[in-house]
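In what follows, structures are represented as structure tokens.
The following pair of complexes shares a single chain, subunit A, combined with subunit B in the former and subunit C in the latter.
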Partner chain A sequence: MGGEVPSPRRLTRALSSDSTSYLPDEALHLVLAHVDAPRDREAASLVCRRWHRIDALTRKHVTVGFCYAARPSRLLARFPTLESLAIKGKPRAAMYGLIPDDWGAYAAPWVAALAAPLDCLKALKLRRMAVSDDDVAALVRARGHMLQELRLDKCSGFSTDALRLVARSCRSLRTLFLEECSITDKGGEWLHELAANNSLLVTLNFYMTELKVAPADLELLAKNCKSLLSLKISECDLSDLVGFFKAANALEDFAGGAFYEVGELTKYEKVKFPPRVCFLGLTYMGTNEMPVIFPFSASLKKLDLQYTFLTTEDHCQLISKCPNLFVLEVRNVIGDRGLQVVGDTCKKLRRLRIERGDDDPGLEEEQGVSQLGLTAVAVGCRDLEYIAAYVSDITNGALESIGTFCQNLYDFRLVLLDRQKQVTDLPLDNGVRALLRSCTKLRRFAFYLRPGGLSDTGLEYIGQYSGNIQYMLLGNVGESDLGLIRFAIGCTNLRKLELRSCCFSERALSLAVLQMPSLRYIWVQGYKASATGLELLHMARPFWNIEFTPPSPESMLRMAVDGEPCVDTQAQVLAYRSLAGQRSDCPDWVTPLHPAA
Partner chain B sequence: MTYAEGEGSGKTTMAAAKESSKSSFAVTCGLLSRYLRENKGGALQGLAGLGMAPPATAIEGGAFQPPTTMNLLSGLEDPKPDTVDVELAVDKGQLLQAPTGNQDAHQLTIFYGGKVVVVDNFPSTEVKALLQMANAAGDGAVDRTVPQSMPGPAHSDLPDLPIARRNSLHRFLEKRKGRITAKAPYQANSASSAPSKQANGDKFWLGLGQEVAIKQEI
Partner chain C sequence: MSSRAPPVELDFLGLHANAAATEHHGKSSAASSSSIRGMETSAIARIDPQLLRRVVVARPPVTAEEAPPAAPSPMTVFYNGSVAIFDISHQKAEAIMRMAREVTTAKRGDLGNTTLVADSAKDIPLARTKSLHQFLAKRKERLTRMGPYQLGRPGTTSGSNIKSLRVKKEAEAA
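Our next item is the complex of A and B:
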């Protein structure tokens, strides 16, 4: 007795739900309060009813991965003391203009059901949802006095009136995040009111929006909010921000602005960034303006060059001065030469994104990025955790190198552009196998190729070596239905799957879904669709919603959020686990499918 | 030269893209058939006597469309492993399929100038020699692209989906085009003066010349 480790049976009794348990609820509360990781919480809540109850009472944050998977009332019933909530709406394809505006994902039911009853709610994040001014008003009415974080990420449907309301009423706001939202601009007073009423703001982000603001209001904000760490804004001439930068002493992150009068450095010479700035993303920055960064390039940790006018040579020159980068985002104008410099210089790099530039060869110098550049990066930057790249060429060897050298990868995305006719080394079966076998920490994986890029064998490899991958996007992979089925059999942990431009039949898709035990969400566009989606019913089962968008030329006329027409006339399928029953707010061009009762 | 021999596939394709090597390849073909007959490992005999196959799809790019009928040595339905005649697969689904016969001998398919030859049970040991011979004749004028060796009948049925562009990038690129046309000077100069800046020997990718950029809606 005393000092001995309790036997397993005694521990079990201690933690069990019977009344003679040794461990009081309060102790379990304290223990679980230290468990934050969502998967751990998920597991803990399944141990027994007691643990389920205590998890529900102690969980601080919940992410609803898809807004139609559950009803708001259910969330409220289970987590009445929730402090932070995140909800995701439209399929990811909405970020690529593939989902029309009226698809759904309305914030209204969630705000209506939760804003008032969730007494402890102080942080709300909505991603790719339709949000109206009324929704924001309802939120502010109920929670304005204690709201600390409001994030509307790629949302649409509201105006600056809603922002004025937030600015006036949410005096405790630390974070206002509006990146890439479509906001009706009725004037810039909202920023003035925010600056005048708030002194706690840490993060303000309206990057990639079209909002027009007055530089004087930004300066006022800097003066009143001494803790402002991160500011990302829409287009605004940088030379007008000299006053702001002088006042914002604590600033670490800055993105946006714009260089308008280009060719003349003198106008921008006065721009001096605050001393602690270590993340920069400067819009329209060109070769002549680049030197504004040089004085502190060595302290840069994150650099976003996606919206600049830099040439390949510029990238080489600038990046060679940034040895402490953790995050780098560029377009493929960086070229293989630029990636070589990255590999040589940025030894601490964790995240690398190489976006797709213009296809017009007159505008982008180098014709993209290839296996040469990727290999150089893999060899040089061994700490990489995230790689996303649009490449013009790729080889099995490069994929194998990435697998060998980047053991910490948890997110890998590769898109093979379709401009170049010749690709060195297809199919990529062996390369992808090597990469998946080596990178055991991989959780997210995207592989978008062209016909012939991956055989059925290669597709089977992806399934076989999928390991703990939870999300996949696959495009133009495989040759036949057999490949898809074999892939599906291997994917035991896959939760979310997106397929595009594939050759599979409806029936094969259904059968494949049934093979994947963890799959809770699948989105498909571009497959051998029927006019009615009938064969999709092979995957019909309880708590599984199937929504079919028939192929139609009329969809060409539909507008996406930013007014750009959706050109895709191909069928779409969206199927997902749901406790909320069939959607009741589908637009008329989406057909929910279910077997006749 | 692309030579793919994984566990499940032993496909080898050769295609000479340049017309100039036609005649030398024809000569080589003759040599090839004699060589194979002499070496006895395979089942190939008499490459002469091939009927005309319907023209295969263009070798460069485009979706692969395997011919629906093959008129080589009519009358043969089922490929038999050990016959000495040239085997052919009438069914397009069987063309370029997984290996028949024993482990070390696989199906060999040769595309050339609109004609297709399919050889069953071509031993893997002979492949290297075959490739060397072809290399010598073709002088490196070999299409290394493998896509056309992959039967993808379904791809030909589906219209191509363009790779969608992210909204934020799309807006940026549109704005950049607008700035170039509106303020003719700087950006246009930057792009066109790039060559002079690059005059110090930096590589400049050639050959993508006057390709018209297809406007991406998304």
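Our next item is the complex of A and C:
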């Protein structure tokens, strides 16, 4: 808008009051319809009642960060024109086997609420939730005809019967995502029915599941779904997929399969990937099978080598042929040498994940990854936005280099493995300060060390320079409660915090929570837990749920002997903002804490 | 054990010296952990009796044959102004007293937070994601199945192995 800025009073009248003012509702509708970013929408809805109402009527997508934070019916009533809904359930620790199966996060209440008139909903994503066959059936009854995207990410509790129902009833399905789900396999007919009934499928993903499917059905799927762009499957010998690859002309992403017979290159010679393939992740691929990728290496944009049998030398050889990679996922067998090749070759790299390999030193070639490799990557790959690395050694200098060279980082996660006795340069106080000061775009941060890895001063730095970081995972940081409190005082924008294996007391945790104005979720394990969690009530307040898992019996006895809490593996604290009141479906080993009425 | 052992009195935390100070502190803090619902309770009495019974009755880890038969006898514990009596076996009693001694000496040696922090790292091992864990387990299985001469291992040249396999195939076809 040109001209001078209107005076504040005119602007207020224009934007708020009634619909006969300068900005009619219809105009506001149109303007807000172009606002998609969740934080912007959040801000817009808080301006005034009118904006809140119009945001609610025009909101297309909502992510419920934690399923117990909101009541399903209330949320869906607020957003009647919702097209896409994503819900996250169990704490992230569930991915590491730290949360028993009966913890909760049931899809049922959400699915039941979706049966209500929601004319526009076409996409549903559930992450780390307990989903039953009945839930899927209810969903299909309510939404089946309209459903275009169904994503069940790391969910469990359902079987292939549910998939058959989806295959038969959801003819508009473009995306079926089931990665890392625990699914009871009652047969592979679901894939046949999907292939026979659907012609619109673009993405099919059942990677990292144990489902057994027939290659002929995949071939049928490729023939019927001309738009199939992405297929990620469970284990299935690659030599059986020759027919599928011939038929799937549009395919760009492929992951899974398997090389069952290592060394039998003749068997896999016939495997020819479709021409547009630019993402590959081939399970059990070894040195001898690697040449299968070479014809495509220059056009590869994403490469997943986490589940291969490649050596350090193999990584060096393969990656040197892939100058156009945006995403690379490996285990730490890549070594510093391999990371040097990454830094030299992959100038466009945006995401790098270095997972933890086997602890048995005989099985993995090099000694893992260290400050040398990380520095090489930082210097070479200036466009990096995401780095997640399990390292065996690290220095302050390396962290500083990452901060200096990778200004676009929005997600940084570092885990220091506990295999190596000596770490070159601890504590990492100065390095982490330099990194956080430089990387102003950082929104997610994980720092998991070992005792002595970060002093109380270092922990205070993290808080002080946390900037706009919204999620943090911290492990083995700090030395005392004071460090935690000082950290908390600095974290003005932190929304979600996970703490593991730290020495803090319940009182300190409570006081820290009260210092963090944006905090809506905190999970703690491996701290100085008391028998009853009573000191956690210091953080009791309205719309704040506190759930306590008591320590093990052994720790309880030890506490009785010591007279004070000790660090315990079983005890957990989960506290979160909620508009839904206390959970009513806690298992018996979780105790909700609240002040006596 | 045929006869009862003489009663053993352990001043776990030097409480007789600090008794007055401890009790005063316990009563003055606002949300004191030494009371539930306004009732003064001791540390031991606060443990869920079911849990305590489970620990006390649970089978001890397999020890050497010289362990005496586990005949329960009363063990009296004086703590923080209250008394508790447990019927436990000799081994359990030994274990508890050993634990108490360890912690007492450690405490006296100016524990601070550092030792506790070191312990916590041992107790809380780094967890691995399920998918990676499964992959590594399958890999180990394949390696042990195939034995030390499998193809594709470091140190073996790929060319010669494929050639040898082709030779083998030709021999079979012939």
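Just so we're on the same page, the second predicted complex is superposed on the first by the 567 of 597 C-alpha atoms of A that agree within 3 Å, B and C clash if a C-alpha of one lies under 4 Å from a C-alpha of the other, contacts with A are read in each partner's own complex, and residues count from 1 in each chain.
Criterion: a contact is a pair of C-beta atoms (placed from the backbone, for glycine too) under 8 Å apart; a residue touches a chain by one contact, two chains touch by 3 or more.
Please read all numbers here as calculations on a predicted model, not as lab measurements.
Once the two complexes are laid over each other on the shared chain, residue contacts for A:Phe309 go to subunit B and to subunit C alike. Applying the stated contact rule after C-alpha superposition, one finds that A:Ser530 touches subunit C and leaves subunit B untouched. With both structures placed on the common chain, the touch criterion links A:Cys67 to neither subunit B nor subunit C. By the touch criterion defined above, A:Ser455 reaches subunit B but does not reach subunit C. In the superposition on chain A, A:Lys421 makes contact with subunit B only, while subunit C stays out of contact range. In the superposition on chain A, contact of A:Ser501 is made with both subunit B and subunit C.
By the touch criterion defined above, A:Thr266 lies against subunit C but remains apart from subunit B after alignment on the C-alpha atoms of chain A.
Of the two partner chains placed by superposition, only subunit C is touched by A:Ala596; subunit B is not.
Once the two complexes are laid over each other on the shared chain, residue contacts for A:Val213 go to neither subunit B nor subunit C. Common to the subunit B and subunit C interfaces on subunit A are residues 93, 95-98, 180, 208, 262-263, 283-284, 286-287, 306-307, 309, 311, 313, 331, 355-358, 363, 365, 415, 417-418, 448, 450-452, 479-480, 500-501, 503, 525-526, 528, 560-562, 566-568.
Against subunit B, the residues of subunit A that register as touching in their complex are 93, 95-98, 180, 208, 262-263, 283-284, 286-287, 306-307, 309, 311-313, 331, 337, 355-363, 365-367, 415, 417-419, 421-427, 429-430, 448, 450-453, 455, 457, 475, 479-480, 500-501, 503-504, 525-528, 560-562, 564-568, 570.
Only residues 12-13, 31, 33, 36-37, 43-44, 46-48, 51-52, 54-55, 58, 79-80, 96, 99-100, 103, 113-114, 116-121, 123-133, 135-136, 139-140, 142-143, 146, 150-152, 154, 158, 161-162, 165-166, 169 of subunit C touch subunit A when the two sit together in their complex. Those residues of subunit B that touch subunit A in the complex are listed here as 2, 4, 6-9, 60-61, 63-64, 144-155, 157-173, 176-177, 179-180, 185-187, 190-192, 194, 197-198, 202-205, 208-209, 211, 213-214, 216-218. Residue ranges of subunit A in contact with subunit C, taken from their complex: 93, 95-98, 180, 208, 262-266, 283-284, 286-289, 306-307, 309, 311, 313, 331, 355-358, 363, 365, 415, 417-418, 448, 450-452, 476, 479-480, 500-503, 525-526, 528, 530-532, 534-535, 537-538, 553-554, 556-563, 566-569, 596.
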